[in-house]
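Both complexes shown next keep chain A, but they swap its partner, so chain B is in the first and chain C is in the second.
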Partner chain A sequence: MRSDSRPPLFLTVTAIGGLLFLHLPILLIFLYAFTTDERTYQFPPPGLTTQWFAVAWNREDIWPPLYLSLKVAALSTVMALILGTLCAAAMARTRFFGRDQISLLIILPIALPGIITGMSLRSAFSIMDIPFSTWTILMGHATFCIVIVFNNAVARFRRLSGSIVEASMDLGANGFQTFRHVILPNLGSALLAGGMLAFALSFDEVIVTTFTAGQQSTLPIWMLNELVRPRQRPVTNVVAIVVFVTTFVPILIAYYLTRGGAETAGGGK
Partner chain B sequence: MTAAVEFLNVSRHFGSVRAVDGVDLSIAEGTFFAMLGPSGSGKTTCLRLMSGFEQPTGGMIRIFGQDCSAVPPNRRNVNTVFQDYALFPHMNVRDNVAYGLMVKGVDKRTRHDRAEELLALVKLEGYGARKPGELSGGQRQRVALARALINEPRVLLLDEPLGALDLKLREAMQDELKALQQRLGITFVFVTHDQGEALSMADQVAVFSQGKIAQIGTPSEIYEKPRTRFVADFVGSSNVLTAEMASRFGAPARPASLRPESIRIGDEGARLRGHVTALRYLGSGTRIVVAVPGGELSVFVTKGHPLPEQGAEVGLVWDAQAMHVMEEG
Partner chain C sequence: MSLTAEPSRIAQPARAILPTRGLGDRISALFWRHPNVLLITLLALPLVWLVVVYLGSLAALLLQSFYSIDEFSGQIRREFTLSTYGELLQPANLDIIIRTVAMSAAVTLGAVVIAFPIAYFAARYAKGHWKALFYLGVMLPLWSSYLVKVYAWKLILAREGIITWATDGIGASAVLNGILALPVIGGNSLSTSYIGTWLVFLYVWLPYMILPMQAALERVPQSMLEASADLGASCWQTLRTVIFPLALPGIIAGSIFTFSLTMGDYIIPQIVGSSRRFIGQAVYQLQGTAGNIPLAAAFAVVPIVIMLIYLTIARRKGAFDAL
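Showing the complex of A and B:
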C-alpha cells in the first residue's frame, strides 16, 4: 500500500519529456529570429542580432499578405458571429423535425479534414465559375469559424433559463429590447470568446486557404513559400513571432473568458 | 362589475393532449384566486394563457372585459412571478426590479426610486446593489415579486412561487403574500399543487383535474362539500363512502365524502366496527386506518385522545350531517 500520492518517477520523466518535445521547437523558432546566420538554421546560432526585425519591416512583400490575412480573419469572424449566433438561437429555442441532424451538419465542417473542405469548395467554385478572390477565402474560413461561434453560443443558451426571456416579455419588453438587455449581456462573453478563437483559427489557416486563394497569398502561405527560399531566412521567424502573438493572445483571452463554465471553447480543430 | 379574468369555454391542446379542455371561469377583481391541482392538470397552462405565453386553441379569454387573444404578453396589464423566479443574472437587484420601467423609457432616477420603494414593500431595503446569485431563495422570491409589481399590474400571476422554499419560510411567505394582496387590492391568481396553501390563502379555489375544473368555490366549500371523488380525495384526503354504504347510514344512495376528523372512536352509537390496520403519527394527531366491511376508513385522532392498538377492534361513530353527498362517484 502506498500512502503518498507522488506519481512514479518514470511517469514524471516521460511527462516532462513530452512537454519539452512539444514546446522546445517553438522556443527555437523564437531563437532563430535573432540569429546572425541567414542561410542555415545551425545550432547554436553563431551570434545574436535584432537586425531581422528591421529587415522584415522594410520588406514590401510581407505587407500585402499580412493585410489580406487580417482582413479575411476579421470578416470571417464577423460573419461567423452573426450566422453562428443565429444558428445557436434557433437550435436552442425551438424543437423541430430533424433538429439533431441539422445540428450535426453545422458541426461537421470542423470534423471534416481541411483538405476535403478545400477540395470540395475549389471544385464548387470552378463549377459555378466563381473567380478566386478575398471572398472565396472568406467562404472557406467561414465553414469552421461559424462552428466555433455556434458551439460557444449554444452552450451558453443551454445554460440560460428559458424563462428569463419570458420574464422580459412579461415586463413589457419587445423582442429587440429583450435581445439587447437580456440575451446579449448573457451571451456576451461566449460570443467574445468564440469570436477570438474564430479570428485566431482563420488567421493561421493554410490548408483550406491553399485551395481557395488562387494567386493570392495570406501570411501563412507567404511563410510556406518563404521557407523553401534560402534568402534572409530569419525574416520568416520574425513573421512567425507576429503570427504566434496574433493567434495566441486571443486564444488565451478566450480561455479565461469561458473558464469555469462547462463550455466548449475550442471544440477541436 | 366586470371580472378581472374570464375564460369562456377555453381549450389548449398540444397535439392530441388536451392540456386545458373547455374551461369556464370568472375571477372577480380584487380576489385571491388559487388554481389547485396535481401536476399535469392544466393549471399552469391556464396561467400561461392569462399571461399570453400560450394561445387558446378554442374559446375566448377576457381580461377586464377585453378579448385579449391577439394581445402579446408585453402588452398585457398582467405580470407574472415565475416558478424559478427568472431573475436576470447579469443585473443587480435594483435593475431587475426597475426593468419594467426601463423598457418603458422611464428615466434612471425615477425608476431607481420606484425600485427602492418596491424593495421596501417586500422588506429588502438595502439589497439593491446585490446580484441575484448572492441572495437566498426567499430573498430571490421577494425580488421576483417586487419586479412583477413595478408596472402596477391589475392582475398578478404567481406560478408555484413558494414551491422552492422550505416549510418555515413558506408559511411566513404565505402570510406575507396574503397581507400584500389585501394591501394592494389587486387580483392575485396563484397556481399551486399544495392544498393547504390554496385553502389557507385563497378567497376562491378552482380544483383542476385532467384539463378541466372539477370544482370552484370558497376554501370551506371545497373542503366541506367536495363535489366529486377527485376533489374529496385531493383536498384533505377524505374518505369516500360508496352509494350502498351511504344509504345504509341514512344518507341518499349516492357516494358521500366523510372527513377523517369527523369520525370518532367509541363503542356507543357505533355505526361500523373494524380492525385497526395502520397508525401514522402526524404531530398534531394520529391518522388511523380501520379495515371495515367493504373497504377501509381513515380516522384522525387529535393529540391527547387515547389511541387504539394496532389490530384492535374499534367502533366508529360520526354524525349523520358529517356525510356530504357528492354529485358523482
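Showing the complex of A and C:
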C-alpha cells in the first residue's frame, strides 16, 4: 500500500456513496410534504402545493401531542442535567470500589434495546399497579437521558485542569464557591450541549414511550399511528419536518458548543 | 527596660485575619477531609434513581417472566413457574426468535461492509474541513429523528415510490421484479419484503457501526502500513492482514450496537416488512392487545440473554477499549 495521502478512487467513491446513502432519504420527506397526491406515495409527485402546512396547522389532533412532547422533553432534560452532572462530578477523577459497575449502570439504559427498558418499566408498573401518566413517560425518558449528559460532562471534567480548582482553594474559596465561579463556567457549554442532545433524544423517542404512555400520545406516537393508519399523508410529512427540525437544531448547536474538544457531542448516543 | 515594662504588647502575637467560617466552608472542609463523604453525597441521588427505577424495573421484568397467565380468566397468576419460558419453545415462537437473530446478523454484516469505506476514508484521508464534514455527515443521521428516517424509507420503498420509478426509468424493472420474485426474502413490493426491512435496519443503525470503526482505524499507526508496503504487501494483503485485525475491536464494538438495536426494534418491521413477526413486535403485541405480560417479559429476556453472551465474547476480544 502506498503511503501517499491520495485516497484510491474506489475508496473515495464508496465513502461518498455511503454518505449520500445516509443523507438523501431525508430529503424525500421534504419533497413529499409539497405533493398534491394525498393517498399514495407516487413518485414523482403529480403536482406541488403548500396547502398541507395550513391543513396541519388547523388539525386539532396535532397540538396536544406536540405540547406533551415538549413538556416531557423539557422536564426529562432538567432531570438528566441534575443527575448526569452529579454522576460525572463523582466519577471523573476518583477511582473507587464499584466504579466500573456504576458506569455500566449509567450506560445500560441506552445500551440495551429500548424495548427492554420499555418492557421493564411496563412490568414494574403492572406489578405495583401504577397507572400510566405523564410521570410514567418521564421516568423512562429521564433514565436514558442521564447517560447523554453524563458523557458530555465527564469528558469536560477530565479536560478541566485540576490546578485551577487548587488555585481557587488556595485563594480562599470554599467548595461551593469554587463550583459556582470556577467549575460551572468551564462546564457550561458541555452541559448545554448535553442538555440539547437529551432534549432531542427525548423529543424523538418512541419505543420506550409506547410502553409507558398508556392512552396519551406524544408527537412521535401520533406519527407512528399515522404511519400505520394514514389519513392525509402529506400532513404526516409536515409533522415529520417539524420533528426533524426540532431535533436537528439542538444537535447542530451541541456540535458547535463542543467542537474541537475531546468530547465532541453525541459520540456516545 | 521598655521590654519588661510592656510585655503584653510584644509577647502577644497579632491575631490572624481569618474570614468568618460559614456553613459552606464547614461542609467544604468536611468534604476535603473525607473525600468519601463527598463521593456519596454526589452519587446518592443518581444512584437511587438508577437502582430503584431502572434496576428495579429490570427485576420486575424478570419476575413477570416467571409468572403465567391464567388461560380462563386472562389474569396474571403471581406464582413462580417456568411454563411461560416453555411457551417460548413452541415452534411459532421459536421461529420468531430465529428470524430476529438472523436479521440482526444480516444487518450487522451489511453494516460492516458499507461502514468500512466511510470509516477508513474519514480516519485516514479526511483532513481539516473534510474531517468535520465526515463527522457531521455521520453524526447528523445518527441523531436525526428515528421515525422520520423510517418514514422516509416507507416513501422510497413503496410500490409507486422512487425505486420503482427509477428502475422503470433505466429499464431495469425486470431486475427489480426478479429480486422480488426470490423465495423467502422477496415479496409483493420492496416495502413488504425482508429486503426492505433489512435495508431500513441497515440505514438506521449504520452510523453506530461507523463511529467505533473509525475510532479503531484512527489508532492504526501509519508506520505499520508503511512497513507492510515495504515488505511487499499489496493493498489487499495489507487490508486483510494488518488493517482488518487491528480494526476488529472497533468492528465488534459497532456490531454490539447494530445487533442489539436490530434485535430490540419493533417499529421498523411493523412499518416496512412482511407480516411475519420479530421479537420486538411479539413483545409489543403480547403486552398490549393480548394482555399477556408474562410471555411478553419472557420474550424480552431473550435479547438480554443473547446480548450477554455476545458481550462476553466481545470483552474477550478487547472490544470495550474501542468504545
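One rule holds in what follows: the second predicted complex is superposed on the first by the 250 of 269 C-alpha atoms of A that agree within 3 Å, B and C clash if a C-alpha of one lies under 4 Å from a C-alpha of the other, contacts with A are read in each partner's own complex, and residues count from 1 in each chain.
The criterion applied here is as follows: a contact is a pair of C-beta atoms (placed from the backbone, for glycine too) under 8 Å apart; a residue touches a chain by one contact, two chains touch by 3 or more.
Note that this is a predicted model, so its numbers are computed, not measured.
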Overlay on chain A: chain C relative to chain B, clash or fit: fit
Chain B versus chain C as contact partner of A:170, first or second or both or neither: first
First (chain B), second (chain C), both or neither touched by A:161: first
Partner contacting more residues of chain A (chain B vs chain C): C
Touching partner for A:119 - first (chain B), second (chain C), both, neither: second
Chain B versus chain C as contact partner of A:186, first or second or both or neither: first
Minimum C-alpha spacing, chains overlaid - chain B and chain C, in Å: 5
Residues of chain A contacting chain B in one complex and chain C in the other: 172, 174, 177
Chain A-touching residues of chain B, taken from the complex the two chains share: 51, 53, 72-75, 78-80, 82-84, 86-90, 99-100, 102-104, 147-148, 150-151
Contact set on chain A toward chain B in their complex: 161, 163-164, 166-174, 177, 181-182, 185-186
Parts of chain C lying in touch with chain A, wherever the complex brings them together: 19, 22, 24-25, 27-29, 31-32, 35-36, 38-39, 42-43, 45-47, 49-51, 53-58, 60-61, 63-64, 76, 114-115, 117-118, 120-122, 124-125, 132, 134-156, 158, 160-162, 164-165, 203, 206-208, 211, 222, 225-226, 228-229, 233-235, 238-239, 256, 260-261, 263-267, 270-271, 279-280, 283-284, 287, 293, 296-297, 300, 303-304, 307, 323
Chain C contact footprint on chain A (complex, rising order): 1-3, 5-8, 11-12, 14-15, 18-19, 21-23, 25-26, 28-29, 32, 40-44, 82-84, 86-87, 89-90, 94, 96, 102, 105-106, 108-109, 111-117, 119-124, 126-128, 139, 142-143, 146, 172, 174-177, 197, 200-201, 204, 206-207, 210-211, 220, 223-224, 227-228, 236-237, 240, 243-244, 247-248, 251-252, 255, 259, 264, 266-269
